[in-house]
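Multiple structures are listed underneath, in structure tokens.
Here subunit A shows up in two complexes: once beside subunit B, once beside subunit C.
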Partner chain A sequence: MPRILFFALGLIGLVALPHALSFSQQEILVFLVINVLLVASYRLLTLTGEWSLGHVVIMGVGAYASALFSKNLGIYVPFAMLLGGMTSALLAVLLSFPLFRMKGFYFLIGSFAAGEIIRLLWKRFRDPFGGAKGIKGIEPMPDFSIGVYEFDFFEPISYYYMSGAVVVFCLWILWRIERSPVGLTFHAVHWQDKLAEASGVNLRAYRTLAFSIASGFAGLSGALLAHYVGTINPNSFDVEVMVFVLTWAIVGGTATFYGPILGCVVLTILNEIVLRELGFEQMRPLIYGAIMILSILFMPKGLESIVQRLTRRTPVAAPREKVAE
Partner chain B sequence: MLDLLAQTSLNAVYAASYISLIAVGLVLIFGVMGVINFAHGELFMLGAYAVVALYADMQLPFLMAVAAGLLFVGLLGLVMERTLFRPLKDNPLGGLVASIGLLMILQALAVLGFGVRMEHVPPVTQEVIAFSDKVRLPLARLYVIVAAVLLLTGLWYFLKRTRFGWALRASAQDPEAAALQGISITQTARIAMFIGAALAGVAGALTAPLVSVNPHMGHSVIVTAFIVIIVGGVGSLEGAVIASVVYAFVHTFVTTLYDGVIADIVGLSLMLLVLIVRPTGLFGSADRA
Partner chain C sequence: MTKFLEIRGLTMRFGGLLAVDNLSFTVEHGQIHGLIGPNGAGKTTTFNMISGFYKPTSGKVLLRGEDISGLKTHEVARRGVVRTFQHSTLFAELTVLENALVGTHMPFRPNIFAAIIGWDKEDRIGAEARAREALEFFGLEHLAQERAGDLSHGHQRALGMAVAYASHPDVILLDEPFTGMNPEETRRMMGLMRALRDNGITLLLVEHDMQAIMGLCDTITCMSFGKFLAEGGPAEIRNHPAVIEAYLGGARHVA
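Let's turn to the complex of A and B:
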């Protein structure tokens, strides 16, 4: 019962939040919501023990696909977004054939190579990808009304509510997946692969499943981004963005569901409120790099370990860690 | 047609020379430390900026600037070993994450120190060796090739003929057994980091007058180096050199025939293909993977 209360309060807080912020902060809030979905989907992939460097490019695949579906084929934007996510998931299934012949470090490098190839293809082929300049004038989300609230998507608040609802729903699905037998099998694939295989688990199939689900949600987050900013290009999805995602996951920690989200939220707040307001814009990569090094050196288990220590009574995370080790 | 072939081959040999310096350093660090140094491209960039500062701005002799770049980046390698890679030895993702963090710091420092704009480095020499009307080799490029050959020969001699080299290869092969023989793993790690970093730095310093020096030049360098070490087999120094030559020829010829982006795609596809078909690389042995 207290948990329901906790979630209800959180929800009210999230609904009220944008009204306390300035216009530019509201815009940042939209990006934050989209990035939360991205980093949460990244965690699903890391459950099976594989760290990809191509996740942001997969997000870009969703963005490009959704933009092209709505622009060239005239598909209604919400459907185009879903199709964008599906395109990413399908591409992940295709990529899994070469990539899952590799493990660990080789997978990392292989996913990086695959991502760079996709990015270079966008850059090279002006038709339909628009070359280095990318796609401009992407269809905005059509306005609609649900009676109590008029969605006007030129306002970041409206886009925040819409994408926020989508992201919360997606997080719920990701959470359900993780707690399901399938999710537990992902853990087994990571920590006890030999044992799992001996018990009849098809490792390759489960890795592919995790990869394609994660990619589908990443693609959806890309589609949300594309229809918000209205213009995307190959550099919107380059390695630097991937490094940010990696930083969020590392700083937050990946042992719990909320770890990477925590990392994303904390670092974004630090970044936007502290650094931008104080005028350290140029120092941003420097500070991010320092945070990355310091947290891997002195806080290798991430921010979540601090939260766990503070809340002690961790009914959700504690038994799962036992399974993990 | 023959002219084109000869000219492109010359370009490829030049590219192979500095790529192999970078890749060999990366392989050396990986072999001894077990860390993939993502900041390797930035070490190259720092070497180039050493030449910008000392040769272009302070008008010191070019060779002195190159030597300073080598020493400076090599020492930075020692600092990296002490502060990052040694404490993170037991964390499988640690070295990777730390080197990515370092990459961002070094890039930002270069932006703060020199600005994002491209630096102009005056050429060391304008002379050109003309084999025929269309086949020409700028003397500056020949210097880079000669320097690379000398450095790599020196490294080969050091690794195969000296006691330090023996110790280094032993601890790359089997750290525990090497330690049991009285080899200091920390000592060999230091030597490997110094040499590996210095090679990247000297490559950057040597090529500074020939390429566009900017804070983000490390990106394409590290991508190239990854392709080369994967194709050559992670952990194989000879493989890295051979793969550098192969990659340089493929890339240069595709660039000449089509364009640079297609050449990059071909290079990355080559790496993916090797990863799929023979993940240990063309020259790596199976047990190292």
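Let's turn to the complex of A and C:
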């Protein structure tokens, strides 16, 4: 019961949150929600032990695909977004053939190379990708009404609610996958691939499955981004953004489901709001880097380890409450 | 009549080294079959070829007449031949129960869509029941929620076998199951292996502990320098002149 209460309070908090923020902070909030999906999908890939440097480019594939589907083919935007996610997942299946001949460090470099090739293709082919300038004037999400609330996607609040609902649903799916026997098999592939294989696990299939699911959700987050900002170009998905994703995952920790999400939220608030308010406009990357180094030095298990330490006390307290009841 | 598990002319060459040379033997169904030989005789290489870790240079592994040599490990496993590992190869970060649950991967194949919607309740219950059954068989039930990496060595070896047993195998390949066990643990493990055989599971094991091998195996195959040397019951092998020479060294080996 208290868990449902906890989730309900969290939901109310998320619904009320944008009303307490300024317009520019609301915009940051939309990006934050999209990035939460990106980093949570990245975690699913890391479950199998593989770290990719191409995840942001895969997100870009979803963004480009969704933008082109809606612009050139006139597909209704929400469907274009779904198709964008599917395009990313399909591309991941294709990429898995060359990439999963490699493991560990080699996979990391291979995924980086694959991502750069995709980015070069966007730059090279003006038609349909728009070259280095990218795609402009992407169809916005069409306004609609659900009775109690009018979605006007010119307002960041509306886009926040829409993308927030999508992201919460996606996180629920990701969580279900992780807690299922499939998630256990991902863990098994990570910790002892030989023993997993001897237990009848098809390693290639499971690595590909994790890669394509993670890519699908990354593509969907890219599509959400594309239809919000209205313009995308190859540089929106370069390795600098990937470094941010890695930072969120590392600072947050990847041992738990909420770790990377926590890292993303905390670092975004720190970077965009606290440091901006303090007036460190030019020095933000410097301070951001210092925070990352400090957190690795003093918090090698990530922010999640702090949460775990705080919540570990509750099981001791819980039985006492039961006695009191 | 087709033989249950037949190794026919198996050869493995690593560059210039002939690790296994034209090895042939047959494992009868429902037996405990030992594979022995001095260090470097090629026992583990043979194991790796049967279980699909290595693709043999030439020769065949026939399971009920079907050629399984050169298949991938998981494909061999799906045909009922499951292996354990020399060292305590386990999912150290997972709990004991989760380790056994990975073992149930084959009988209860996970389905991602069913898992998301929640239509795999029966499978999950079945898989957990099977996992607990396997743990109970090896006396690990009380440790189900422990981290596998925290177990004692003997328990880790038992868990390795429980993971294999959980998958309902026809053949379990055991790679040095008694290494690092004290006599009491060895004795208990031997009892468990006999119980496995009585459940209709065929065991093929590589082992150095002669006392365990002689007390346990129905048939023993001895190899030396990659070649077949002798085969027979424990009493036969114990007194076989070629085996004694291979282990103790004949006069011509003394340099």
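Convention: the second predicted complex is superposed on the first by the 312 of 325 C-alpha atoms of A that agree within 3 Å, B and C clash if a C-alpha of one lies under 4 Å from a C-alpha of the other, contacts with A are read in each partner's own complex, and residues count from 1 in each chain.
Keep in mind that, in the parts below, a contact is a pair of C-beta atoms (placed from the backbone, for glycine too) under 8 Å apart; a residue touches a chain by one contact, two chains touch by 3 or more.
Since we're looking at a predicted model, the values are computed, not measured.
When the two structures are aligned on the shared chain, A:P285 is found in touch with subunit B, with no touch to subunit C. Once chain A of one complex is fitted onto chain A of the other, the partner contacts of A:A165 are absent, as it touches neither subunit B nor subunit C. Contacts of A:I273 after superposition: neither subunit B nor subunit C is touched. Of the two partner chains placed by the overlay, only subunit C lies in contact with A:E197; subunit B stays clear of it. Contact with subunit B, but none with subunit C, is seen for A:A113 once the two complexes are overlaid on the shared chain. Counting the residues of subunit A touched by each of subunit B and subunit C gives the higher count for B. Using the contact criterion defined above for the overlaid structures, shared-chain residue A:M102 touches subunit B, although it does not reach subunit C. Applying the stated touch rule to the two superposed structures, the subunit B and subunit C interfaces on subunit A have no residue in common. Chain contact summary for the complex, subunit A toward subunit C: residues 173, 176-177, 180-182, 184-185, 187-188, 191-192, 194-203, 209, 213. Subunit B meets subunit A in the complex at residues 36, 84, 87-88, 91, 93-94, 96-98, 100-105, 107-109, 111-112, 219, 223, 226-227, 230, 234, 261-262, 264-265, 268-269, 271-272, 275-276, 279, 289.
Put simply, subunit C touches subunit A in their complex at residues 51, 53, 72-74, 77-78, 82-85, 89-94, 98, 101-103, 105-106, 108, 110-112, 115-116, 118, 120, 123-124, 127, 163-164, 167. Residues of subunit A that touch subunit B in their complex: 51, 98, 101-102, 105-106, 108-110, 112-114, 116-117, 120-121, 123-124, 239, 243, 246-247, 250, 282-286, 288-293, 296-297, 300.
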